[in-house]
Structure formats: C-alpha cells, structure tokens
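In what follows, chain A forms one complex with chain B and a second complex with chain C.
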Partner chain A sequence: MRQYGSFFRIRFLAGLQYRAAAWAGVSTQFAWGGLTLLLYAAFHRSGSANFPMTFSQLSSYIWLQQALLALFMSWYFDNEILESVSTGGVAYELCRPCDLYAMWFVKNLAVRLSRTSLRCAPILLVASFLPAPFRLSAPAGWEAALLFPISLALGLLVIVSFSMLIYISSFYTISTLGIRLLSSSVVEFFSGAVIPLPFFPEQLQAVINVLPFASIQSTPFLIYTGHLAGRQALQSVAVQLLWLAGLLVLGRALMGRALKKVVVQGG
Partner chain B sequence: MIELRHIRKEFRVAKRGSGFGQAVKALFHKEYETIHALQDVSFTIGDGEMVGYIGPNGAGKSSTIKIMSGILTPDGGTCRINGRVPWKERTAHVREIGVVFGQRSQLWWDVPAADSFDLIRDIYRIEDDAYRRTLARLTELLDLGELLKTPVRQLSLGQRMRCEIAASLLHSPKILFLDEPTIGLDAVSKIAVRDFIRAINRENGTTVILTTHDMQDIEALTERVLLIGRGRILLDGSLSDLKARHSTRRTIRVAYEGDRLPPFEQMKILKDRDGHAEITIDTAVLPVQEAISLLAAKTELRDLSVSEETVEELVVSLYQEFAI
Partner chain C sequence: MKLYWKYAAILLKSQMQYKASFFMTAAGQFLVSFSALLGVSFLFDRFHTVDGFTFSEVLICFSIVLAAFSLSECFARGFDAFPRLIQSGKLDQILTRPRGVVFQVLTSNMDFTRLGRLAQSILVLCYAVPHSGIDWTAEKILCACLMLIGGAAVFSSLFVLYAGFSFFTIEGLEFMNIFTDGMREFGAYPLSVYGGGVLKFFTFVIPVALFQYYPLLYLTGKSQERGFLFLPLLAFVFFLPCYAFFRFGLHHYQSTGS
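Showing the complex of A and B:
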C-alpha cells in the first residue's frame, strides 16, 4: 500500500501548486452558480407547482455542485496516462512491481481531491452566508449528515472507475479524443451536472436511475438536501455500491485483456 | 539464469497505399500484413554474464527485451528467468530486473531526479538503509551529485541518461536490460556509461543484456555476442571467436583515376563512387600483395590503404553473410 500512498502524495502535492487556477476556478464557479440560481428563480416565480424540490433544496444542490465540481468533473483525463500509452512510455510503468490499474486509479483520485480541496472551502463558506432561499443550508437531518460523506466518497470512486474505462480504451485506439468528448457529454448530461435529475421527465428518470451516471454526483447531493431520504436514500447508496463493483470488475477485466495484447509502439 | 526456447511473436500491421482513394478504401476493407518479429529465438544466459544483443533495425531486439521484461506476451515458446515466466508472474519478476529504454524516460520531467528516485524507492519498498547505500554508490560511480537536485527538463541528454541508469538500479536488480543505453550520447558520456556498466557487472555480479547499434559498446563491454536477424538467432559466440573467424579479412580503400573499377574475381567491391572504392578480400584466398598488383594493373592508383576489419565492419559483413 505504501507505494500507492506515495503516488497519491506526490500527485496531491503537485495539484496544490496551481493556486492561480484555483482562484480563477472559484470565481467562475461563483458566477456560474449565481447565474444558475437566478435562472431557476425566474422559473420558480412563474410556477412553483412544477418544481420537484423546494427552492432552498435546489440552492444547496447547486452550491454543492459548484464547490465540488473538481471532484466529479467528467471531462478531466490525465494527459500523462494517455500519452504514456500512445507513445509507449507505459513500458516503464509495466516494468514496475505495481498494479497498473491501481496506480492509475490512485493518480486520478489524488488530482480530483487536491483540486477540490483548494476550491471547495471558499465556495462552501460564502454560500452558507447568502440570504435565505439562495444559500447553502445544513444537511437535511442527522441521517443525511451521516450518509452524505459515504455517498460522496462512493460517487468519487464511481466517476474514477468510469474514467478508467476510457483510459483502458486508449490501448485499443490511437486517439481517445472522440471517446473522451462523447463520454464527457453523456456523463455530464445524465449525471445531473447540467440539470438536476429530479427535473427530468419521470419516464426518463426511471431509466437514468439505473444507469451508473446517477451514482456520481446526483445521489450524494440529493441525500444532503433531503430529496432522497430514508429507504430511498439507502437504496441509492446500494445502487452506487453495485455500480462501483461492476465498473471495477469490468475495468480490471478489460485492463487484463489489453495488457495481454499490448504492443508497445516505437522501437 | 535466463532461458528462452523457441520464442515466437507476430504482429499484425495495417497496410494501405498512399493517396485519397486508398484511404477511403481502407475505411471499408483493411488489409493486414503479418510481421514475424520473432520466429524462433532460443538462448541461455548465465548469472553474471554480460551479453551484447545486436542486429539491424527491426530484427527483433526490442521485442525480445520486452518479452524478457514481461511487457510482451509471446505467441509461442517458453521463457524462464530465474525460474519465473515473466509475463505470467510480472510483478514478482520485475522486482528482480532493471530496464533502461534509451529512447524513453522514466524520470518526471518537471521535478528533480531525486524526487523520482524517492518514488521508485517506495514502489520497490527499498529499506531506507539499503536505499541510502545504493544511492551513495550510484552517485559516486555516475558522478550524479548536483544533477539529482536539478529538474530533469534542464539536464543534458548525457546527464539524464546517467540518472535514468541510476533509477533502474536503485532496487539492486539481478538482471539489467539496457535497450540502446548510449543512443545519442557524446563520447565522454558514452565512456562514463560504459565504465559504470562494467563496474556494476564486475562488483555486483549483475547480469547485463545490452542491445545497441554502437559497436564500440559491444567491443568495450561484452564478451559474448548474440546476433539476431529476421527474427532468428544467427550467431551466438564470443567477440574474439567472431574476430578470429573473420581475421583473414582485410579492407582495401583505394583512390584512382577513372570512373568505376572493373570487376575482379575474389575481391568484393563494397563501395565505388567518384574514384573512391572500398574492397574486402579474404587473405586466405587472395593475399594482399596480389590484390594490390591486380588493382594496380587494371587502374591508375592514386592512393591505397589496407586495414583490418573493425567490429562494425565485421557486423556488416555478418549481415551480408546471412543476407539480412
């Protein structure tokens, strides 16, 4: 485990270097969160009956989403990993007594966590002191407060294990640009990053809820706001667990197959 | 102990002609060509040996190294290294080997090499004491000192290669694979690297397998040479055997008046352009003085020199002999 710990540490610390980018990110997220809320406020005023959640729940959802953007970003892929496969540098990593899947997984976790740790605090803090319906409220209850961190961690693991599939696909294609673009738009849309999932038509929701994408950010945020509570909340966490297990098994199997057939390019 | 028996590896390469029409055609129907990178490779290398693995580009050198380091799975044949099958027990196997790919880097570009070394220490779980000792020794032998504190991107190629080699030896591997370790280095760095490899082999008993195109590497380092061509081992012997076998060969370089040399029996004209020619003869068949008088009789010689074959020429003539 110590080796993976070092990977994590080095990546985490490297991520903390980019402070200017973090400040730029924080201000963007504020502006974006604010605009989104104003837009929903306009909808809310014209007819609050159609709203699947209270406005204050929605505010909490939006602010959590903005604060934890870097944790769940669907468009982030580690260029070093992609390049190492396309240029053959992966040969060196294969000469190490480590598990390539675990190594890549840990690297991705570290980047997401270090970016988030720089960005989330100012957003969460300021958002908690905004005027009433627009602010980030406390968790919906002690159950929500307890379940939220668990579900959050699972969500992070699900998005990383999903992006592992994209990394593995780089063994099969020369360029992963197409797959990356496609996957990030699909994930973005179906994970509730554009519009929270409860706003989707009900038939569509039924489909989305069994896809892995709801298990990324939607479940933890809805648990926090109390939209998912009691049995429903526990069920959603169970779905997260199932997807995590499924994606891990699938990723490992594909990785094993890829490494058997790998051809290291260039000399 | 390294043992390869009848190792075989094929690659499928997509082929298409140039031009738009061909590109469109390739969208619907791809034509593949099977490349037999390794057809039947067998050899045994004992502990502490230092072996030069040579052959022209595309002969299968790198493929063999990749198979022995567990990266590539062969299509057939067996390979056992210290009792393990590299690609089946990759993790256990790679603990005992060090690999340097001259054309790739294992050091992080943006940070000093010392940071990469620390990570490697953690990856191999090297004890602190052992790590400090090895690092001190490598620093001394390779004259790393200040280099370790400089970001890798600011190192020269020679400096970087010294760090790369050190990085591959931090875990004191029993076997060291060097894939073109002196590629692109200047004379001073080459000599430093060679001295170091010799020292490591002698003092630690590390088995060294070296692929290179640099015949001086081979001459300076290895006793035993494996020649591979078209995916087969063509020759396995000591460098001195090789030289003895070809010791009757001489190369004659001449400058003469006129256009081209007429053909001579028992003389092989290697190059002939603008009044300069290179000829090899086998002195067992045709003594030097006879060759010279033959040449003098047919052309107007301006200059002439006779030399023994260098290792480089030896290899070229081997390539020719085996038609690879």
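Showing the complex of A and C:
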C-alpha cells in the first residue's frame, strides 16, 4: 500500500508546481462561470416557469462546477501512461512488484486532486460573496452537507475508473486520439458539463440519470444544491456505487486480458 | 502568395499520409462541437426564445461563429501553436530565413482536420437559412459573408495576440481561452444576452460583437441600420494592435539557446 502512497505524493507535488497556470486558470474559470450564469439569466427572463431549478441553485451548481473543473475534467489523460504503452516503456512497469491498474489509477487521482486543490479555493471564496442570485450558497441542509463529500468522492472515482478504460484501449490501437476526443465529448455532454442534466428534455431524463456519466459530477452537485434530496439523493449515491463497482470490475478484467496478450518487442 | 499555396498543399499532403487517422480526427472534431449544438437545441426546446431571438436565428449566429473559428483555427494554427515554436527553438530558424515572420509562422502549421468543424457549421447553416424566415436578398447574403470573413479575421488576430503573450509567459496563457474557445462557446448566442457591460466589452475591447451581434440585428431585420452591414470590416482594424503587440514581443525575444 505504501508504494501507491508515494506514487500519489509524487504526482500530487508535481501538480502543485504549476502555480502561474493555476492563477490563469482561476481567472478563466471565473469569467467562464460568470458568462454562463448571465446566459442562463437571459433564459430565465424569457421563461422562468420552464426553469427546472431555482436560479440560486443553478448558481451554486455552476460555481461548484467551475471550482472543481480539474477534478472532473473529461479531456485529461496522462500522456506518460499513453506513451509508455506506445513506446513499450510499460514493460518496465510490468517488472515492478505492483499492480499496473492500481498504479495508473492512483496517478490519475493525484493529478486531479492536486490541480483542484490549487484552483478551487479562490473561486469558491469569491463566488460565495457575489450578489444574491448569482452567488454560491451553502449546502441545502445538513443532509446535503453530509452526503455531498461522499458523493463527490464517488464521482471522482467513477471518472478515473472510466478513463482507465481509455488507457487500456491504448493496448489495442496505435493512436488513441480519436477515441479520446470522442469519449471526452460524450462524457462531457452526458455528465452535465455542457448544460446541467435537469435542463435536458424530460423524455431523456430517465435514461440519462442511470448512465454512468450522471454519476460523475451531476449527482454530487445536485445533492449540494438540494435538487436531489431525501430518498432520491440516496438512490443516486447507490447508482454511483454500482457504476463504480461495475467500471472497476470491467477495467480490471480488460486490463488482465490485455496484459495476457501484450507483446513488447525489442530490447 | 504562390508560395503560400505551395506550403498549404505540402501540409495537406503530409497530413493526408495517414488517411484513416486524418478522417478519424476530423470526425472527432465534428462530433466534439456537436455536443455544443445539442446543448443549444435542448435549451431552446425548453425556453423557445432568448432575448427576443428564435432558435433558427441563434443557429445562424452559432454556425457563422463556429465556421469563422474553424477557418482561423485551420489557417492560423501556426499562431495557435506558437508557444511550441518558441520552446522547440524553431522560431530561431524562422528568424534567419529571408521571408516575413508572419508568413513563415502561418505556413509552419495548418491543421486541416479542423475543417470537420467547418463541415458541421455549414450543415447547421443549411438548416437554419430556410427556417429563419429571413428574406435572403443579395444584401443579406453579403452581410452573412462579411460576418464570416470578419469573424475569421478577429479570431486570427486573437491567435496572433496569444502568440504575442507567449513571448512573456508560457504558463499564464490559459486566460486567453476566454476569448478564443470562450467566444466559440459563448459566441453561439448573440452577445446582447449577456447584458450591456459584456456587450460593450466585446464591442470596444475585443470586437467580437462587430461581426456577430450588430450584423445579426440587420440580418434578422431587428434593425434597419444599413451601417451594421459593414461593421465586420471594421473588425479587421483589431488586427493592428494585435500585430503590434506581436512585433513588440518579437523585439524583446531572446532565444533560449541550445
């Protein structure tokens, strides 16, 4: 277990080095969140009855999304891992007395956490002091406050275990660029990063909510804002757990199969 | 100019060497912006109008902005990837050759897979043009063309500005995304929906509204002001300060050596 702890630490500390980039990122995300809210405000003016949540709930959702962008980014893939497969460097990793799946998993977890820890605080802080409907409000209740961190952690594990599938696919294809582009746009859209899932047409809601993508960022944010509460909230967390278990099992099985077949050429 | 097309042909040929990968990536680009389109249509499915604009009017705006963006991403890609030219030391090579810097940066890189996005915007435009209820006189067609050209000019100027900043910082460049990627996303809607302050900023500081909002007003008949027709041409002026900044950066450029 200790070895994974140090993989985590190395990646985490490396991520903390990019401070100037983090400041630029913070200001970008702040502008991005602000413009998004102004856009929804315009939609709110043209039909507030059709709004699936209150405006201040939406504001909290958008600010959480911007602050935690790095936690759930769908387009992030570790180039070192991808290159290690295409160049054959993975052979060295396989010689080590540790599990490849767990090592890649931990590395990804660390990068996401370190980037987020640099970026989230200023956004959360400023966003909670904005004028009334546009600000980040407190969690909807003690239930939400309790369930949110659990659901957030599960969401992070789901996105990492999903991206593991893409890493594993690199054993089978020469270039993963196409599959990465495709998967990141699918994940982004169906996880509610383009528009929040409650804004999707009603007919689609039932399907979308049980897809693994809803378990990524949508569930924790909607729990925080109180859009999902009571039994519904618990159900969504259960769905998250199910998907996490499913993706882990699937990823491990595929990895096992890929490693059985893998042939590293040259010396 | 002849030399430019020669370079373009060479780059196109080299990218076509891996045909499957080329078309896969182009298809990927096509699908990536498809999600933005779906987002817009879902919101209109729910709200029908925004700030007095209908779905098909917004689609015209969306597709022209997307087309302008993908054109400049394809042809001004050299400036978009400029930080890499600095990091790899290729800029030094460029500076020693007896041709203009801008010309060489432009011809150093063109990414034709970005035309996947252009294909999508053309499809969207084909849907929106008959549905918008606009009476397409010659003037209105001219207006749409000018919007496209003006847009490509503004986005290309932004890439030049971005390249200018990369002389001073490599890490802090992310904020430029608000104006490039951000305008691709938020420019899908007429800029007035974001309120007066934002509209003013994008009129007088970064002239996105000059090719997007005001001509759209004329195009959709919301305003009879003929002058709006020619505002996209004014957006070309934006190239001057961007280019001046780039020259300023170049003037201060010290090679990283090795």
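Couple of notes before you dig in:
Just so it is clear, the second predicted complex is superposed on the first by the 264 of 267 C-alpha atoms of A that agree within 3 Å, B and C clash if a C-alpha of one lies under 4 Å from a C-alpha of the other, contacts with A are read in each partner's own complex, and residues count from 1 in each chain.
Here is the rule we go by: a contact is a pair of C-beta atoms (placed from the backbone, for glycine too) under 8 Å apart; a residue touches a chain by one contact, two chains touch by 3 or more.
Keep in mind it's a predicted model, so treat the numbers as computed, not measured.
Three-chain overlay on chain A, with chain B and chain C fitting side by side and no clash. In the superposition on chain A, A:206 makes contact with neither chain B nor chain C.
Between chain B and chain C, C contacts the larger number of chain A residues. Within the superposed three-chain model, A:121 lies out of touch with both chain B and chain C [touch as defined at top]. In the superposition on chain A, A:94 makes contact with chain B only, not with chain C. Once the two complexes are overlaid on the shared chain, A:38 sits against chain C while remaining clear of chain B.
By the document's definition of touching, of the two partners only chain C reaches A:21; chain B does not. Residue contacts after overlaying the shared chain place A:178 against chain C, while chain B stays out of touching range. Contacts of A:194 after superposition on the shared chain: chain C is touched, whereas chain B is not.
On the chain A superposition, the C-alpha centres give an angle at chain A of 90° between chain B and chain C, rounded to a multiple of 10. By the touch criterion defined above, A:260 lies against chain B but remains apart from chain C after alignment on the C-alpha atoms of chain A.
After superposing both complexes on chain A, the closest C-alpha pair between chain B and chain C lies 9 Å apart. Under the contact criterion defined above, no residue of chain A touches both chain B in one complex and chain C in the other. Across the complex, chain B meets chain A through its residues 11, 62, 66, 69-73, 90-92, 94-95, 97, 99, 101, 103-106, 115, 118-119, 122-125, 179-180. In the complex of the two chains, the chain A residues touching chain B come out as 2-3, 5-7, 10, 87-89, 91-92, 94-99, 260-264, 266-267. Residues of chain C that touch chain A in their complex: 21, 24-25, 27-29, 31-32, 34-36, 38-39, 42-43, 45-51, 169, 171-175, 177-178, 182, 186, 189, 193-195, 198.
In the complex of the two chains, the chain A residues touching chain C come out as 18, 20-21, 23-25, 27-28, 31-32, 35, 38-39, 41-43, 45-47, 50, 52, 175, 177-178, 181-182, 184-186, 188-189, 194-195, 199-201.
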